[in-house]
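Next up is a structure, given as structure tokens.
Residue numbering begins at 1 within each chain, and the chains themselves are lettered A, B and C in the order written.
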């Protein structure tokens, strides 16, 4: 048990935090320069400068470049047509083509935006050249600021969610296994013939997991702070307060599962099914806001979704109790319902 | 051999729980995840602080709100309240127009907009900001039309394979792969582990059947079932989720069959290393689930990961099958482009089978 | 004629010696009791005889075939009923017979004929459509035995066949064993019930991987001056 308590969080945090990222650091670009002119080379050099772009190949034919897109070696193709410089000088207008592999739609949108911004830059350079070094800015000046995570570090976003995963797995799986294990081994009979009250038994079963999971959370938070340098803007007390209520809900679900089944295997199976659905829908990996209405409605019964939202708000934005009131109330109601139902079912099973 | 297959079907069809698992779960998960998993930005709540409220800022606002990406959320009284709004949750982005926007633009040819994004979710922030600036850029182009800038390079963007940038194209191949892999490996490993646990495997082993025949007899029905499953999942993806099948359907089915065989051999291998159904289940659910979801390129592009994880992802069978599925279904490519991936999966199947036979022999010692 | 011949059989697992120079033989058609305390090495020896495991050294012949190289031939000529009751619980009685008959390569007509005959002998014909899991343990054990001899093996190995059943069923079970032996099928049986050992023609008793006694029950009782085999067993175990 002890190795599990310490090893699982470390492995999970390390692997998940690094694996789970939408950050685009490297765009493989194939350049098809059909013009071979000074102007086209200047444009190419803009892409070659150290940016997100990594120029995978230069090619003369589009078919060859497309091949790279097909085999997945390249993400993007820039095509400079053969009278690019001429058009630019004579008509003051030229066009280039930027082709992006868009199977991953959101990555494609970002890659396209990067490409466009480099070409805009190039436009700017031409203007500056033409006006004899005078600084001409586009008339609308857009300034960006990214709050709470200025470097757009994906780990900052993921780690709090992973912590939730950690305590959930401990809470739900261990507790769902536990009672059914006693049932399978027949030890539950022993307890039923003893004068122990049902609720005492339930508390006795669940309390250790509750402590272990809270300890895990503390351990995970420490790792997050030290290894990943994740900010904890809000109050630690608030995090633990919400977590302790949240755990009651998960433990309740676990216990409920274990009263519904006869074997550990069935328990594991049910717990697994719910865990997969809850985790995938929770907004841990893909944003809840991007889901269709009805899928967001399913999340009303998804405790993981609530807690992930809360912990991200508290840790990354420093949200306070009044900000998280609604989701917190949902978790609290959840905890009460799950526990009541579980204890009620358990009494039926036991008697 | 025939008797074996009949017997295995009896096992499967008499066990309602496993039937539900076999056919119900994939359907639910394909539909649920196929629709729900998405990174598209649609109707993101934004707030606008407009210090000018003139015709230009209103025009930009209208343009932003009619794009379909954004909806106007709460009123924010002033810059001082932005943090409060973000802390509360919903709003993704605040756009601030400076005062006298239109007149500054007219006279100084210079006016400022500030975009402040809640970057606690960096991906959404990135998308929201890039959409916003693209829309404002568009407006600027229109605005400048009358004034004719001396020189411009125009970009024609083309989104290959997925012009509408639908998330389904990214996630459905992954969901198909993960389901086939987990369900197939789990079914096989559990059914073999069950025979081990019940002691019936021993009886089979003292019979004149060769171990290879025993395993083949056990596994063949699951090939059939898994293939049926694959068909159901593909039909759902095509008709309900709107996935295209641009390439050859026959090739897609053949590759699916190969992948199923690979997953089955992995299941056999799992059952040889675990001594109970419990353990077989644990191994095939938990040990396989997270790595197959995370390190296969299902949700998160592999090339963005740190190098050690990229290397590690090479031994994940789903990684290769996802490439195959995307290539055939979305890109419409032929075998010429995926023979390498095919070979890798075939190699993995052979590897797991060889390993299982070795393990099996050791057990008999 | 000897149906099983074992000379100096040794089986080691690493440095642990599970079978230490076993030498014994079983005559055709006899009921041979293979006794020993838990962990004495019975199951290991039995597995070797069935071809489930191979010996470290020594000569082992079953039905005239060598266990090192001819396990395939041996497997065709033996039946096996394991310690854990092990037919398929979710198949019907009939389906279990069908399946196991098929494994031993019997034709469908033969399977039907033998199944009817064996079920008739047990008086369980009317239960043939029942799902096995719903039957009482005693019946299941008799059925498991019948399945083990469906292909008419020369020898049948029974690994603690009567664990957990009531005395009456045990009695009936032994009657079936006798009947089987009378048809010329050799029965090799391990058991924990010492009274059952009395039913065997000869018994061997194992301790710490060695055979410490081998004779007819009557001779053993005289030799160890005990009233029954249980007494013999206790005396040996105390030494």
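Following the convention adopted for this analysis, a residue touches a chain if its C-beta (ideal position, glycine included) is under 8 Å from a C-beta of that chain, and two chains touch if they have at least 3 such contacts.
Computed from a prediction, not measured in an experiment: that's the story for all the values here.
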- Among the chains, which one keeps its Cα centre farthest from the Cα centre of chain A? C
- Query: In terms of C-beta pairs in contact, which of A-B and B-C ranks higher?
  - Reply: A-B
- So which chain ends up in the middle if you average the CA atoms? B
- Item | Approximate Å spacing (C-alpha centroids) for the pair chain A, chain C | 60
- Message: Using Cα averages as centroids, what's the distance between chain A and chain B in whole Å?
- Response: 13
- Rounded Å distance between chain B and chain C, as computed from the means of their C-alpha atoms: 55
- Where in chain A do residues touch two or more other chains at once? none
- Message: For the complex, give me every residue of chain A touching chain B.
- Response: 12, 15-16, 18-26, 43, 69-72, 88, 92-110, 112-113, 115-116, 119-120, 122-123, 126-127, 130, 137-150, 152-154, 156-157, 264-266, 268-269, 272-273, 276-277, 280-281, 285-287, 289-292, 295, 298, 309, 312-313, 316-320, 323
- So, in the complex, the side of chain C touching chain B is made of residues 50-54, 72, 75-76, 78, 80-91, 95, 98-100, 102-105, 131, 157
- Note on the structure: Residue set of chain B touching chain A in the complex reads 17, 21, 25, 28-29, 32-33, 35-44, 82-83, 86-89, 92, 105, 109-127, 129-131, 133-134, 136-137, 139-140, 143-144, 149-167, 169-170, 277-278, 281-282, 285-286, 289-290, 294-295, 299-301, 303-306, 309, 323, 326-327, 330-331, 333, 337
- Provide the residue numbers of chain B that touch chain C in the complex, in ascending order. 2-4, 6-7, 10-11, 14-15, 198-200, 202-210, 364-365
